[in-house]
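Per-chain numbering from 1; labels A, B, C and D assigned in written order.
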């Protein structure tokens, strides 16, 4: 198999992580170029990790004839432009979640990559976590019978910077965080028919200034009649708390863990352990597996593991939940036009 | 302090348990009489536990001049009649949950016991569980800051007999099981403003014949803006799974445990332990503490720990949730007239 | 079955507990009398729990013709005298552990109760704990194959009063605490052939003044070649930490638990729960089951569940361990004459 | 800093792992050559990971002038020869544990590397595990007061091939496995003064044919009077079970974990999770950190993190334990001449 030459677009926190993986830990891949708009960032990364070329914008990188595929880790609001440009340049595409801020953008992206015939894989790293994967295997093996209820909890240890909370930038709590839970819900339970959302700005009053909330509950009714709950929160001051639970007719599966470092302290204060600090500690291996999966599927001519349609479906649930919250009523997902 | 002479009305499964506690483990109390409509039941219990007198119906017991107080553990549909009769006979009253099947009945019961001036304490044994109590202490001590989200999970290991599932008998899943969760919600978070419920008959199709469901999710919006979720299920085939969780601005409290017997098995099948079999194993000590609390509050002239109004409020949430589910919309609790 | 009339001798901390159980929670038993040398103690207990008669010494109680059986909870150094007197008066006997401070005393006690033909049951409450019992069932069911190694850990949250630490009073750390572990070892693994002990006064230097130690490790070689370790400590400042572990050819069993109250705190300090405070919290149900077992075995004409020979064997291991520590060499248990 | 050119000697299971790390994940390092006596092994590895040169024996690699340092992962019986040759060629040395099978060899190795002035770092990966590291930090911070007892448990899921069990090849159970526990003991508690060992061939009778045992308990008395226990076993059929525990005057630290994959199954069989499969899953990150530490210490001119003297001390405890077991008596470590 020939080496896949990959270009990385966006070298922020997540981008750096993907970049390191691409440079060293993805079999059959060479990180051939990096691009970032922020002056000096791409160059510095290229120097640190021995990447042959760097660019100040995605257009530069896309015009690099040696690049076979791009990994897009720019801010969500730029996804459409970058993906469309990449599709037009004929590069295979890996794009971080969420696919876009609007359904219209997502549809256009899916349509263009289809027209151009490029490989297009979306990112939802939980699908590559050992726990989420094992749960899927056990569910499919029938170990808990038919699934009838799904619970997904995502809690951040602290809120993002206020400017990021602005729903016009991040999509807001439900689209930014909840999209992971909605994707997991679809993976285990199938498509969602109706949502109902409640929540509020309960822990960080300053979030109201940008119109975001910090806690939410989103109920799900699946197409098959099963039910689900997603609970989101920005105030898990103890750490990053990600949990899933599938209740079936013959048993249940719980996904997640609480303790990061394997020590347990016994003192006069009781029994204590640490918590999971943040998403890098929780999902480091999943992110690696996800980018390896992209390279492998692309090189072997397999279908993408996570499609644009998957990303669109999760986004649509998010937007339906946002509408539910603002209108105070249950919302059928199909109310939101494709 | 003189000995409190208590009469037990209803000697079913829960009644037997209360009876044994009253006979032996409640300081300052003598179990003076028992009554049950089922022929032979009261007599047999009286013989087994040395109870001086027994009656074939509650009227007989209530006419017993020596009885100071009654413990009512009959089926919910009879609560009104027995409580009214007890109030009219001037006995102090302890009544198992739920208070009644309708708000009208509950109001009448509260009104009559108030008019008659008798001591009236309702039952919600979770309030006396070491875990729920400790959570309350920690919350009130400010250990997790202000509470912003509450989760309560109640799962039974198997469904009740079909005839009991009939909502006209038990109130159905939400009123029968969920009332515990609604009471816990009020204890930690204050009153509920609005509910939304989804669910279905997902595990036991035969329940449809009596009109009951086996799984439900009920969202709660509290008066203070905080939010909550109650998840109910009859198909926790592994055991009795009762959990609570309070998310605050400075931390969280989880209530509950999974393992009943303190052994852990390590074999080629992995690491295994048992689960909590059922409510007696989970709440044995709480039931004892609850009936001791009743006797203590009555004897010391204190206010009842759990009032008829508490029971009414929990019932009202249940009925609002039922209405929400049947009408497919959020329901304000105050829609349901007092 | 006629009611068994029991007399309680010794109303200290453990004695009070047994007394309450005998008064209320042992089917078929009436607590007919109590005795304690400390002025006022027996009388006060009798008043509190409605015990018909009380005595200032064990002789008085033993001369009570109505008493069928005695429960002896006096200090170890008095066990011989009380047991011999009880045997001579023809009463059935339950005696707290350890049987005595010397093998000679134990032999004499066993011999006299045998000659007098009285029922004689010793106490090792771990045998009646749900965890230890379940471990035994699983072991006997072959779930871990053949047992090859046994570990037993006993840790107290704080040291006893210095005067009690005096080995002439309590037998010292190894005989006082370790005897429970040695009995558990015999229950699961069979008889002990050789011991080796190390340890020291490592946490509480003041214990040296009375010649006791606060930490010890005792190795066991069983008759069948399997091996074991007992670890004892007085400085588990977090609580009462009792654990057992059986390693077999096909798996392992761990016995014990760490958390007493079923809540888990998540704060910026990490994840925290409480520990088991002390032996009453850990073994309350086991003590009750143990005294119920005594009454049941006596009334049904069964053999005692724990014999004087069992108690003697555990004491002998303790004394061999003490000799090992003082002489710095492995000691065969049979070195210590019967 | 210039790139460190490393040669890997020995490409077995552990060698492959180090090789992959050196090729990709050790900053400032280039894996310049590999050597293995087994025909084709070095060549295949070099091809797979793009290593420039490969050799059929360590002498060839050592004569490679471009190599700055070697990582030695050959069988223990060859350590002396390879280390001496490497020292003579002036290469910096990283050597897997145990240092050698005899104290004489270890002394000679230490002496020669000292004479030649080469950097020499030994391997004990537990020292780089997040749990063992955190325990050390907490201990040094005084969080549990003064340590008074140490427990270390090492259990393999299955025995090594019989030919490897031969104590002349591997050193036997105590030297091969226990050396990790003895090193951990020294890290937390200081040097060991006396040992006593028991054990036997209890699970795999066929091991007797090569003179090895499969279960052992080794007591430790430290120079400072504290005590310790090491428990070793080859029959943890459920997985790889590595635990440490430090008891202090103000608390305790437990090191280790049981569950590998973060899911918990609740079925009619109870609550189940998997165990840690084997050492690669348990210590993958520790091995990486260890080899990174070697490169960093070498490049920065720091002292080796783990010295030959550390390795010698752990070996000496192992050999003292072997002598104790064969002679049935406690053995002072200093009995074994340096």
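Throughout what follows, contacts are C-beta pairs under 8 Å (C-beta built on N, C-alpha and C of every residue); 3 or more make two chains touch, one makes a residue touch a chain.
Since the model is a prediction, treat every value here as computed from it, not as a measurement.
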Query: Tell me, which chains sit next to both chain A and chain C?
result: B, D
Task: By the contact definition above, name the pair with the higher C-beta contact count: B-D or A-D.
output: A-D
Task: For the copies chain C and chain D, give the interface type as same if over half of its residue numbers appear on both sides, and as different if under half do.
output: same
- line: Chain-centre distance (mean CA atoms) for chain C and chain D, in whole Å, is 42
- request: Could you grab the centroid distance between chain B and chain D? Build each centroid from C-alpha atoms only and quote it in angstrom.
  value: 57
Query: Once you find the CA centre of chain A and the CA centre of chain D, what distance in Å lies between them?
result: 39
- request: Any chance you could list the residues of chain B touching two or more other chains?
  value: 236-238, 241, 250-252, 259, 266-268
- request: Can you check the complex and tell me which residues of chain B touch chain D?
  value: 236-239, 241, 258-259, 266-275
- prompt: Within the complex, which stretch of chain C touches chain D?
  reply: 146, 148-149, 151, 155, 196, 198-200, 202-203, 215-217, 219, 221, 225-229, 231, 233, 235-238, 247-252, 328-330
Message: For a test of understanding, state which residues of chain D touch chain A in their complex under the given definition.
response: 24-25, 129-131, 134-135, 138, 143-144, 250-257, 259-268
